Every structure is written in structure tokens, then in C-alpha cells.
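Pasting the structures here.
Two complexes follow with subunit A in common, the first pairing it with subunit B and the second with subunit C.
Let's look at the complex of A and B:
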């Protein structure tokens, strides 16, 4: 019982982080039709912001709050200068965003000096519930994710911006004809996606060691989640993230950790192969 | 093939259409033949040059995927690395390193692995999106790097060092001119074979796929099968490159399998000019030589990978045809197919 509860808890915590990353990736993919290969590095930037603030002696909290803003601004800058050139050519966009990711990753690697850094949890310790210990920080991650998902949902479903976003998603041409500036919406979407990635990076960095290569790991996992869940819907990627998160949390219990990681990818790829449209099929990628 | 068409038409019909691409190819070949003799007293430069030639093969294999059949492969290093580990293990466990057997075996290993991956990613009831294929190859390389980095039998994170020297009969190849000769022979053979391939009827189909994949499919060509075939051939080339690289370095490690080296191959190829065969070779030479020259400057060495990323971004955004695109017209880059009618 205790084992099952702990396991479920770990799985939910991992899934929450994946959901944050995937939400950003999925929103960008379904809105602009491009797959952001630099998304993992945006996560890395979020993590790096927290590291910087704790290095500067400010503690982790200012970094945690600043991360979404900083990464969102970086995303905004990137969209305005580079990414927007790629909307007409999704294949080239792949290479372009990959190059951006490479640049960010190598800059961070240069700044970190190739070392692994660990950052303490802002709220350490655990609380016990029914005799089982739960990590407070992981609970905080789950709570934050729930708030973000709820907020995003409300934003999309209830606000006027959300209405415009949905319109542009449904039919960009018609949206433009109605006087909605899709260009501005695209910049907004990209900024939002980047901010989510930054937040995710900031939340997970206490759980993982910070190194320049964490981005690529989360990129691959997020991609598989989006593929599993199906592009273009809100629920699809979230469901996919839950599946990948579950696999990633469960497999190390069954096989040796060395095998577990590659196996997650193989299983997820195999599922995508069998069901290419994802769990929920509406998208256009 | 190009050679015969070049000679066939009468001189009048050819006036003003001097072909620059064969000239560049010849110049590069001459350079690769002559330069080592000029550098004979600088062994470290011979080593660099050998590396460049071997990595050109890797760049060439990526070009076969991307430039000639439109498969974005971020996993070319996977075949490179597996073949490299393969020859290292054969050398360690079987004490065998005869190049007439190990090099073909390495090609076979790379090709077979590529075929399996292609069957998985490309072949199926529904054609995959190019993004799925790109991510699939990236995932493959990433997973392989993680797996190898944790696997004690293949040396885990430390990789395999002191690889048994490549041999032919009793003769063993160490770094130097003779190893360079082997590498250059391999490059020339692969290059010639690729040149024939892309100008053959199969190459014509590939050109059609690049132009309009859907139309080719409506013509009845099984587009994905052609792509899978080229992907497997490219895997063979990458395997050969990886085996030579391991022998030459005397070391192979997890990073030789991963997305990092795959990315380097992408940069070589796009910088030089994808879609031509000489482009990747020029790109590899240019980038490796630049990296060697600039490595002396501390500030640049530390941020060299960042510069490479910037180069990739700039090339993708502003000069998609790469260095070669500056000198060679689009018509010549794309090329012509079939024999020309002589004397009209």
C-alpha cells in the first residue's frame, strides 16, 4: 500500500513537470505548425535562472519567480527576430530552432564550465499523511501545475484573447480577415510557451542536477508525449505526458535504471508507430 | 555518367555553360592528394587531415539523407558510433582487426541498423511526418548514448580505449600518411559510388521525391521504400566512417553515438552546401581547419560550439545552399538526368 502510494505520487509529480513542458510545446506546435526543437533549452534556461539567483546569494525563490519572465522574454525576442521567418517552412523551422537550441545549450555549458550543479529544494522536507511520507517540494510542483493548467484553460476558454487564439487556431486566414493580428498572437503564444518551459525548468532543477544536457532529455520526452497524445488538442499532450511520465517512473522499478531510460523511448515510439494520430486525434502537424 | 555527357555534345552547344562543380570536385581531390606531402614533417597536421577525411564521410552520409532524400536525420552518429564500438569490441575480444574484414563488417552493421531504424520510422501503412522521423532519429541517438554510457561491458562512460590497430596482413596502420591513404581511398570510393547513385535512375526518383513527394507517390512509386533504401546506404557510409574514426583515434566513447556528433555532421553538411556531394566535404574541411586554427585563441575555443550553432542558424536562415551556393548556380546544383541528345 505504502509502496503503491509513493509510486503513484512520484508518477504524478513527474507527470506534472512533463505537462508544463508539453503544454508549451503543444501550444506552439498546434498554433504555428512548427515544432520547437529549442524547447528543451528553454527549460534549461529556466533552470539556469534559478541557479544564478541562488549563486548570487538571493536564494532560490527570486529565481523561481523570475524564471518564467526571463525565459518568456527570451522567447519573445527569439520569435520576433528569428522564429517568425520559419512559419512558412516547417521543415526549415526544425533546423532553425535546433540551431537556436544548440546555441543556448552551448552558452550555458560554457557558463557552467561543464560541471554538474545541484540546487537545494526551496522547501525541503516531507509531510506525512496516513503514515506515508510525501516530499513537500514535489507536492508544490503538482499544485503549481494544477494552477497553471487551470489558468491556461480559463484563459483559453473564457477570455477574449483565448477566443482570438482559438479562432486563429481554427482558421488563421479567416481570423486575419476578421482583423485579428495572427502575427501578434503568434508572438504571444511563443512567449507563453517559453514562459511555461522556463517555469518547468525552475521547478525541476532541485530534483535533477543542473547540466547543459538536461534540455535534450526533456525535449525528447516532451516530443514523445505530444506524439502520444496527439497534436492540436489541449487534453492530448497532457494525457501523453501522463503516459510517458508513468512509464518513466515505473520502469526503473522493473528493469535496471540503465535500461529504463532508453526503454521508455522505445516503447513510446512503438506506440506512436502503431497509432500515429495519438490518443486524441484532431491536429494538423 | 556526368563524364560521358560532358564529352558527348559538340563544343558549340556547350559554349558559355562551363561547369563549375566538376572543377571544384577535381580541385578538392587534388588538394587532398597534394597537401599531405607538403605537410609530411608536421605529423599533427596529417592527423588532423585524416580526421577531416574520415568526418567528411559522416557528413556525406548525412547529405545522402537530407540533401538527396529529404530525411532530416539527427541520428547519423548512431551508425557511426555503433560501427566504431563494433570494431573496438572485435579488436578487444577476438583480437582481430584486418581491415578487409572489419571495414565491410562495420558498413554492414551501420547499414543494418539504419535499415531497422528506417523500417521502424519510415515504413508503415501511413507515411510519417518529417518531424516524426527527425525526432525518431534524435531519440535513437540519445537513447543509444544513454545506454552505452551506463553499460559496463563497453566501458560505460569511459568508452573503449587502446583499440587494436587496424591491420592488413602483418602491416599495422598507425596515425600518419599510410592511414591517411586508407581514409582517402575510402572517401574517394564512397564519393564515386554516391555520385553514380545520385545520377542514376534511382537518383532521378530521389530528385522527383525532393521536388514533389505526393506526385511521385501518385505515379506509383513507393516513396518511403526509396527513402528507407537511401537511409540504409547512408547508414553504411556512416558505419565505415565510424570504424575508421575509432581505429584512427584508438578510442571510442558514448559521445561518438550521441546527438552531439550528429549535430556536427548536420553543420558540416549545411555549411558546405547540402544537396551536392562535394558540399559536405568542403564544409568538413572548412570547419575542422577553422576550428584547428582558432583553437589557439582562448576566448574563441571556449565558445566555439556556440559559434558553430550561430553558423548553423545563419546558414539555415540566409544561405540555405551553403558555401557552394555562392559559387554554383541552382541549375548546376540540382543537375540534369539522363543522356543528352548529341548534335541537334
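Let's look at the complex of A and C:
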């Protein structure tokens, strides 16, 4: 019983990590119709920000707070200079963002000298509940994920900015005719998605290890989550991420772990085949 | 979608970017500051200066410079100085093969030392030994079974890493039930095959042996099996990037607090700060050298190395193949001395087969004639945690352990 609770907790924690990473990717894909293959590297930049702050002797907290801002600004810069040129050609956008990601990744690899860096949790240790010990940092990630999901949902579904974003998504021509600057909205959306990636990177890096490949590891699974959940809605990618994360954590219990990874893809692809529109149908945001 | 020139160029540049690092690597020569009528002995170093294995590769390159400079300072080998030629193998066997050919065909080196991973060794041994007709020395600890003629191995084998360690875990530390969580590639698979035999002949039991994708991020299923199987010793061959989450989840499950022991045979000083101190505490490793080994020669060697590379982040350790590199160069020196300065492959290989090194990091080494591997001292060390600072304490030493290969 005690271990069942502990492993249920581990699975929820891992699912939260997946959701955090997918959220930014999903928001950008849904709003702008672009699959941002540099998303993994935006996650990496968030993690790298935490590393820089702890190297500078400031500790990990300032880095954690700065990460979404820094990566959001990087995202803004990218959107204004490069990404905006890709809106009409989604396939080239994939290649282009992949190239951007590659450049960021190799630069960071160079800066790290190829080393893996260990970063301590801002709050380490465990707390005890009913005689069972839970990692504080994993709990913090779960809580933050819930807050971020809630906040993002409110922003997109309940605020006037969200209304304009949804309008621009539904019919960009009409939105522009109504005086909404879609180009500014897209820049804002991309910045927001990038900031989410930065936050995700900063939160997960103490669990894993800072290396240039920290983001790419999750990219394909995140991509799959968005496919599975359905592009165009807010809940879709979140549900997709929960499904992929849950499967990835649970499958090694029942099959050999080497098979678990491909099986996650197989199951997800089978679901996409049966339900090509994803869990949530398009355009309900 | 119509294909415009811009679209084509955009796609092409994205693809070129995927391989952009590959074209940047070039060779490097370190010439001795004096000459000899017969010309220098050309020594090729083929190691990973860039890419994921770069930390080990750079340590190897520094150790090679360090040893060769010492040899040249002492008058070279039989009066001939050594000229060092470096080619980057870039942690990528495809790039490596081309660059190693440069060493052989353009630079015409007399011997090549290098390669860290087994994949790299497999890729470059044919261009060096068969097509290149050159002597090859491989310095890293590895899974064994490399019995190619003219390919000498100077790092420890599974027998050297397990024959002393596993009885120590079972008899001295009293652990019986082993779990073998492993990364899914050749080294863990062959090492485990050997370790399992040693565990079973010593009265231990393997509860499970499991392989994971190298970048697995979530291990709760593994931890569950460790706990359900009442495992008391985790013999891990998981490597980065899957390593950190595994060690963290294992520690958080309370395995070590419950008396469990983690053993991992590639842990050296580079990995001391890899995990938080409490996760490292009690980890048992077995290598041919630790910096805590305090024989005077090893100490002096370590000091000289730090003096040559002050504040370097590339340490002189066993896990990064640095000790194997040291041994390889010194054994080659001994072999060329024995041939009286003749550099022909057959002559040097015959002498190398019986080469003996009296002193080195962790002690001397002897090639086992006809076996392509070396006897060496092996040490068992346990990681201690002094209020957040980790260090290894050497708890056991075995003299001149047999490699048991070929």
C-alpha cells in the first residue's frame, strides 16, 4: 500500500513533467499552426538559466524565476526575426525550427564542454504524509503544473486577450478587419509558449541532469502528445501529455523496458488512427 | 505547394545544419623541440575531442601530451623523440573513420592510441589494423572479447573489475540478492554476462537483469522490482543521461537507508559530484586506480599532471581511460626500447607482447604474452560523504589481476 502510493505519486510527478513540457508546444501549435521543433531547446535554455544562476553563486531560485522571462524574450526575438517568415509554410517551419534548435543545442553543448551538470533541487528532501515520504521537489512540480494549467486556461478562455487570440485563430482575416493585430498576437503567443518551455526546463533540471540533450529527449514524446490530444484546443495537448506520460511510466511494469518506449508510440499511433482528430476535436478553444 | 528557389534553399540549409559540426574538425601536431637523424617516432592519438564523449577524450589527449613530454624530456625512446599527431574522432564513428585514415595515410604514424567507446573501437580498428597495417592500442575499460592481432588493450577487463569486487560485495559486505539495471548496449550486456557467473559461483543470486533505453527518464517500475525482489545490491551499468533520474529515484525510495548497496564499476573522480552527496554515499566502485591510492609514484604523477595543466577540468582518472592511455604509451616505449629502436609493426608487436611497466598510476602493468591484455592492480573504493563533500576511500587492493581474455 505504502509503495503503491509512492509509485502512484512518481507517475503523477512524471506526468506533470510531460504536461509542463507539452503545454508550450501545444499552445504554439494550436494557435499558430506551427510545430516548433526548437521547443526542446527552449526547455534546455530554461534549464541552462538555472545552471548559470547557480554557477554565479546566486543559488537556483533566481534562475528558476528568471528562466521563463529569459526564454520568453529569446522566443520573442526568434518570432520577430525568423519564425514569422514560416507562417505560410508549416513544413519549412518544422525544418527551420529544427535548425534553430540544433544551433542552440550545439552552442550550449560547447558552453558546457560536453559535460553533464548536476543541479540541486531548490528545496531538497522529503516530507512525510501518513508515514509515507514524498519528495518535496516533485510535489512542487505537481503543484506548479496545476497552477500553470489553471492560469493558462483562464488566460486563454476567460480573458479578453484570450478572446482575441481565439478570434484570430478562428478567422485571421476577419480578426484583422476588426482591428486586431494578428502579427502582434502571434508574437505574444510564441513568447508565451517559449516562456512555458523555459519554466518547464527550470523545474525539471534538478530531477534530471543538465546536458545539451535534455530537451530533445522529450521532444518526440511531446510532439506525439499534441498529435494524440488534438491540435487546436487547450485541453487536447494536456490530455495527450497525461496519456503519454502515464503510459511511459506504467508500461515498464508489464513489459521489458526496452520495449516500453516503442510500445508507447505504437499505442498512441493506434489511437491517432482510430481518432485522427485527437481526443478533443479541433477549434474549441 | 510550389517549389521556389527560396524553399529549396531553406530546406537544404536546415539539412546542412544537421551535420555542421562534422566539417569543422582538423588535425593537430605537437612536435618535439629537438630532432634525431632517423626522424621522430610518430604517435597518433585518435580520441573524442568534441561531442558527448569529449570530457574523457580531452583528458586522454592531455595525458598523452603529458607522458610524451616527459619521455621527450628524458631523451626520447632510444634517442628518438616522439611527435604527437591528434585527430578528433568527434564521438561519432562515421567521422572517426575518415579522420583516422588521415593519421595512417597522410601522417603515416607508427602507432595509434585512442578510442573510448566500444563502438568507436570497432569502427576504427579495421582502418588502423587491417587496411592501415598499423599498431593500435585501446586504453579504456571495456566488455572484453577483443582479440585482434596488433590491437593491444591497456584498460581493465570484466574479469579484472568483477573477480575481486563481487566476492567483496558478497563475503565482506554480506550482500546476496543482486539487481542488474543496465543501459541497453554492448558493454553492460557482456559485463553482466561475466558478472552473473561470478555472482552465482560465489553464492549470490541475480534477482533481475534488465535493459533500458539510454535516455529513460522514469524508473518507478525498476524501483518497484528492486523492492519486491528484496534486492540488497544494485549492480548498475546505467549511464548518462538515464543515470541521474535512476540514482535519484533509487535514493528517494529509501534503498540505501534500508541497508542496500549500489555498485557501479565505471565510477571515478569525475563522477564524485555527479549526484548529490547523499545519493553517492556508500557507492562501491572497482578500478585500476583512484586518486586516493597513496603510493609515492602515483602521488608524484598526479602532482606533475596538475602542474602541467593547472586547474584543468579534465582529470587524470581511471574511468576516462586516462590510466590506460598512460600505460599504453609507456608500454609502447618499453617495447620500442626492447627492439632497439626498430619501429616495424611486427617487431614492436612482438616486444609489446612481453612489455612490462614497473611503475604507473596505481602500480605497474604487464602484458600477458599472446593475450593482448595487461595484468594490473585493481582497487575497490567506497564513496564517503564528509558533510556534503564526497571522496573515495580505497578499501581493498588486488595485485596484478589477470585479465582472463583471449
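Everything below uses one rule, namely that the second predicted complex is superposed on the first by the 260 of 285 C-alpha atoms of A that agree within 3 Å, B and C clash if a C-alpha of one lies under 4 Å from a C-alpha of the other, contacts with A are read in each partner's own complex, and residues count from 1 in each chain.
Keep in mind that, in the parts below, a residue touches a chain if its C-beta (ideal position, glycine included) is under 8 Å from a C-beta of that chain, and two chains touch if they have at least 3 such contacts.
Bear in mind that the values here come from a model prediction, so they are computed numbers and not experimental data.
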Which of subunit B and subunit C A:69 touches, first, second, both or neither: neither
Which of subunit B and subunit C A:178 touches, first, second, both or neither: neither
Contacts of A:35 with subunit B and subunit C, given as first, second, both or neither: first
Touching partner for A:269 - first (subunit B), second (subunit C), both, neither: first
First (subunit B), second (subunit C), both or neither touched by A:163: neither
First (subunit B), second (subunit C), both or neither touched by A:14: second
Which superposed partner A:224 touches (first subunit B, second subunit C, both, neither): first
Touched partner set for A:147, first subunit B, second subunit C, both or neither: neither
Touched partner set for A:211, first subunit B, second subunit C, both or neither: second
Common ground on subunit A, meaning residues reached by subunit C in one complex and by subunit B in the other: 91-92, 95-96, 98-99, 102-103, 106, 217, 257-258, 261
Residue ranges of subunit C touching subunit A (in the complex, touch as defined): 1, 7, 10-11, 13-15, 17-18, 20-21, 50-55, 184, 210-213, 215-224, 227, 240-241, 243-245, 248-249, 252-254, 273-276, 313
Subunit A - residues contacting subunit C, complex: 3, 6-7, 10-11, 14, 17, 89, 91-92, 95-96, 98-99, 102-103, 106, 113-116, 118, 120, 124, 126, 133, 135, 207-209, 211, 213-214, 217-218, 248-253, 256-258, 261
Subunit A-facing residues of subunit B, complex: 70, 72, 74, 120-121, 124, 126, 128-132, 134-136, 138-140, 142-144, 146-147, 150-151, 259, 263, 266, 270, 302-303, 305-306, 308-310, 312-313, 316-317, 320
Subunit B-facing residues of subunit A, complex: 35, 82, 85, 90-92, 94-96, 98-100, 102-103, 105-107, 109-110, 216-217, 220, 223-224, 227, 257-259, 261-262, 265-266, 269, 272-273, 276, 285
